[in-house]
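Have a look at this one.
Lettered A, B and C in written order, each chain numbered from 1.
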Amino acid sequence: MTKSNPGRFFEDFRVGETIRHATPRTVTAADTSLNIALTGGRYALFCADPVAQAAGFTRAPIDPLLVFHIVFGKTVPDISLNAVANLGYAEGRFLVPVYPGDTLSAQSDVIGLKQNSSGKTGVVTVRTRGVNQRNETVLTYVRWVMVNKRELSAPAPAPVNPHLADFVSPNDLVLPAGLDFSGYDFALAGSPHAFEDYAIGERIDHVDGMTLEEAEHQLATRLYQNTAKVHFDNLAQQGTRFGKRLVYGGVAISLARALAFNGLGNAALMLAINAGRHVNPLFAHDTLYAWSQVLDTADLGAAGALRLRLVALKNQNAHAFTDRAEGGDYAEHVVLDFDYWAAIPKRG
Amino acid sequence: MTKSNPGRFFEDFRVGETIRHATPRTVTAADTSLNIALTGGRYALFCADPVAQAAGFTRAPIDPLLVFHIVFGKTVPDISLNAVANLGYAEGRFLVPVYPGDTLSAQSDVIGLKQNSSGKTGVVTVRTRGVNQRNETVLTYVRWVMVNKRELSAPAPAPVNPHLADFVSPNDLVLPAGLDFSGYDFALAGSPHAFEDYAIGERIDHVDGMTLEEAEHQLATRLYQNTAKVHFDNLAQQGTRFGKRLVYGGVAISLARALAFNGLGNAALMLAINAGRHVNPLFAHDTLYAWSQVLDTADLGAAGALRLRLVALKNQNAHAFTDRAEGGDYAEHVVLDFDYWAAIPKRG
Amino acid sequence: MTKSNPGRFFEDFRVGETIRHATPRTVTAADTSLNIALTGGRYALFCADPVAQAAGFTRAPIDPLLVFHIVFGKTVPDISLNAVANLGYAEGRFLVPVYPGDTLSAQSDVIGLKQNSSGKTGVVTVRTRGVNQRNETVLTYVRWVMVNKRELSAPAPAPVNPHLADFVSPNDLVLPAGLDFSGYDFALAGSPHAFEDYAIGERIDHVDGMTLEEAEHQLATRLYQNTAKVHFDNLAQQGTRFGKRLVYGGVAISLARALAFNGLGNAALMLAINAGRHVNPLFAHDTLYAWSQVLDTADLGAAGALRLRLVALKNQNAHAFTDRAEGGDYAEHVVLDFDYWAAIPKRG
């Protein structure tokens, strides 16, 4: 018997159970500073109290993506310690702003189970909620992962395939209470482009590139208290097909979103995660580039919303908007295909 | 004459003198976030205000090991700038919790001096106190180092060998005032194991590994304002027997303690440092693993206490509980042998 | 048409125009902790509230150099995105202390333009102001950069060469309101040397060295929200004459100033930047050393002021006070020649 956590295997999950995750975390302005140092983020809403207050916030909220990574990190010891692959996200919605001083904790409902035909692994689908100290759900999302079985002989559970929306409907997007962009200062935000300036189908090359170091992704992933060993244990990784540490997918999302400031500087506020796939592995020393495409738009009254596809590339700039290779598979340079909604001020 | 600090040499110390160290430091929640980013620490008491408040703290205190490193860092310019080796610790006790906003300063009494037979070096023993802005001693510990002589001809002082306890007696352990584990939430802490579950002699493999980068140990050591040049000046190190930067021993302690969360998740609160030796040097790119052994237990009323031996290994996992090699010396993979007391909730 | 920022080219600047920069930033105690972790800074005034309060500050202010880097970072997208070289600084003055919670923003007046004889580039001179949330100017400085032309055929503007002072006159130095060094504790600050102890012409070898990693300079430069791609995009840099990322010059200044603590421990408070040149490029893995020379002294009443020349060297210690090579050019090891005023307590 061991007191260290072996993690759950596929046969340990039951549809309908709720897993309460450990390690509540009081987030502070320090997490914002570290997030800036780790990503280079420049969205004014998250780094300047007066800008946030002018838009109806109490003060600068924590970047929703940072909230997502922290909540996600809490689920790792229970959900994905024995995961083979992180397969996808859906139905992610940011519901309440998180401020410095708030304490985040998380719980997950198991909503899907399906053993793979190999009999060695299965797909586990969970709906996770991040809650604050007032027990308000600040974030909810669905994630599915491929998890190893402990015993190949364990019987396959009755397959449950949850129905998941292809994307979050604009009707389900929640703007922060009191959001007011009427006095929004486009110059101070660093971009002149308002909601009305973006056209469905439009693609934006974010131009800049960012080379990633081992220390950087490890610092970020530890800040999220995500302890999946593939990101940290280089010795153990030497026995794997990659032979080295894998960068946590959330690091790629945050870096790509920071790069996307250059072209989407006013689309700071992520409202929903529609879908997301980590298409190819990202490693230290890779240089990340990104491009975006406007998939849809919605007028939410107090703000516009853009449905954006964010594609991150490694070691190839985004000038050519690289996407699929011949044959339809993702090109080898593509590491992330991420679909989300973000609020953006209207020209008014 | 130079205005830069040459550091003290062996003949500059006098038994009985008190050295007041420079660089008081106001610690903040930022130090907690950085500590999490640098170590991956997950002890809930140090990262969630509500968890700490439920246990009788004002808010999440600063991790005692971080307090130790910061206090230790202040002593370096006065004690160990010309040290050859950091030989050991004893009689370390954490007496008062340190909170964000507190200001730490430090002073040391020289309690032992003994010239080595070579005539080139001597052992200096100091008892250091870390104090807060109310002049309360928050931490005290003894440390001894081997220090170079400036002039080989300087006369040897009368040897003074302080008597030091092999370990801190349970009677001398101090629980934080008002500590109350009666409502402790084991699930939220991430481990079901209470005081009663640990048996003397029991060993725990902490399983996880952490590969360390140059940037990481440098950031940590600078955060502690520990400026010993062996950790930072790679050019000067090229002329030494190791040929590269040495990782500050405190980084190994903190990383090993963070790894130890996996098996000791409720033993967050370090109460005492009984002994500690940095057995082999740790370098960047090494992967650290750790195992623990329960050396003793004590019921302190409001909490239990475990006396734990924490052994950190480099580049070899801890499954075999590696310790001594044949012949009785430490195996070459062992970097740290650390003996401490930690409080842990009772099942109640 | 693209929505990403192409940056201004030489022909886009007009003498007399004011450019309002984006990305206001609320600085916090976290920036101080990160600054300590990134530089190893030990000036007590910036890391201990009680020390700062004893000297008349509200609490520990943000290190003026960190303020400078943050303000500078805001100007990059507007001024130097297409810069070939950062040529110099002048007339820098720190006017109001910046505290945690203050929000910094920046604007620049174009005060000089001169096309180079090649017709491909020109020199742009701007006077930048950093302002806080009360619209007080906390910092002002002049900087000139060589910027590419977009179109070689664009006509050369009428050359305007602003007259700039060789150095800030002591009469123009501004001590923080209420500065009071009467109770200054030299021991706690870590250096016994007061204003009266420094002689004009005196040189100080700061002894210590610091080896810099890619992750470290990238973290620092992102913390400043300085996004100049030469510091981050290793792939794009492979096509340049250096073939790798360049370290932002501000990182060299801050590291050299942190090293200068050893010999100038009481000269924490930078009052003015007289001049500064980044003489040779600094790269990751270089080891930085520094020496200082006292150029002048001034008695400001409540404090003394030292005019200091700070020279940073790479991969060569500062024992020989390396400076110019034969022929008068800077030696290849010199990376920085920086001229500033700092306040220092008088012996009283």
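Simple rule for what comes next: a contact is a pair of C-beta atoms (placed from the backbone, for glycine too) under 8 Å apart; a residue touches a chain by one contact, two chains touch by 3 or more.
These figures come from a predicted structure and were not determined experimentally.
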{"item": "Turning angle required so that subunit B lies on subunit C, C-alpha fit (0 to 180°, nearest 5)", "value": "120"}
{"item": "Residue-number overlap at the subunit A/subunit B interface, same or different (half cut)", "value": "different"}
{"item": "Between subunit A and subunit B, centroid-to-centroid distance (C-alpha), Å", "value": "36"}
{"item": "Touching two or more other chains - residues of subunit A", "value": "28-30, 33-34, 213-216, 219"}
{"item": "Sites on subunit B touched by subunit C in the complex", "value": "2-5, 20, 22-26, 28-31, 33-34, 77, 101, 103, 105, 133, 213-216, 218-220, 222-223, 225, 227, 229, 232-236, 245"}
{"item": "In the complex with subunit A, residue positions of subunit B that touch it", "value": "28-30, 32-34, 36-40, 42, 44, 47-51, 60, 187-191, 193, 197-198, 204-211, 213-216, 219, 262-265, 285, 287, 315, 317"}
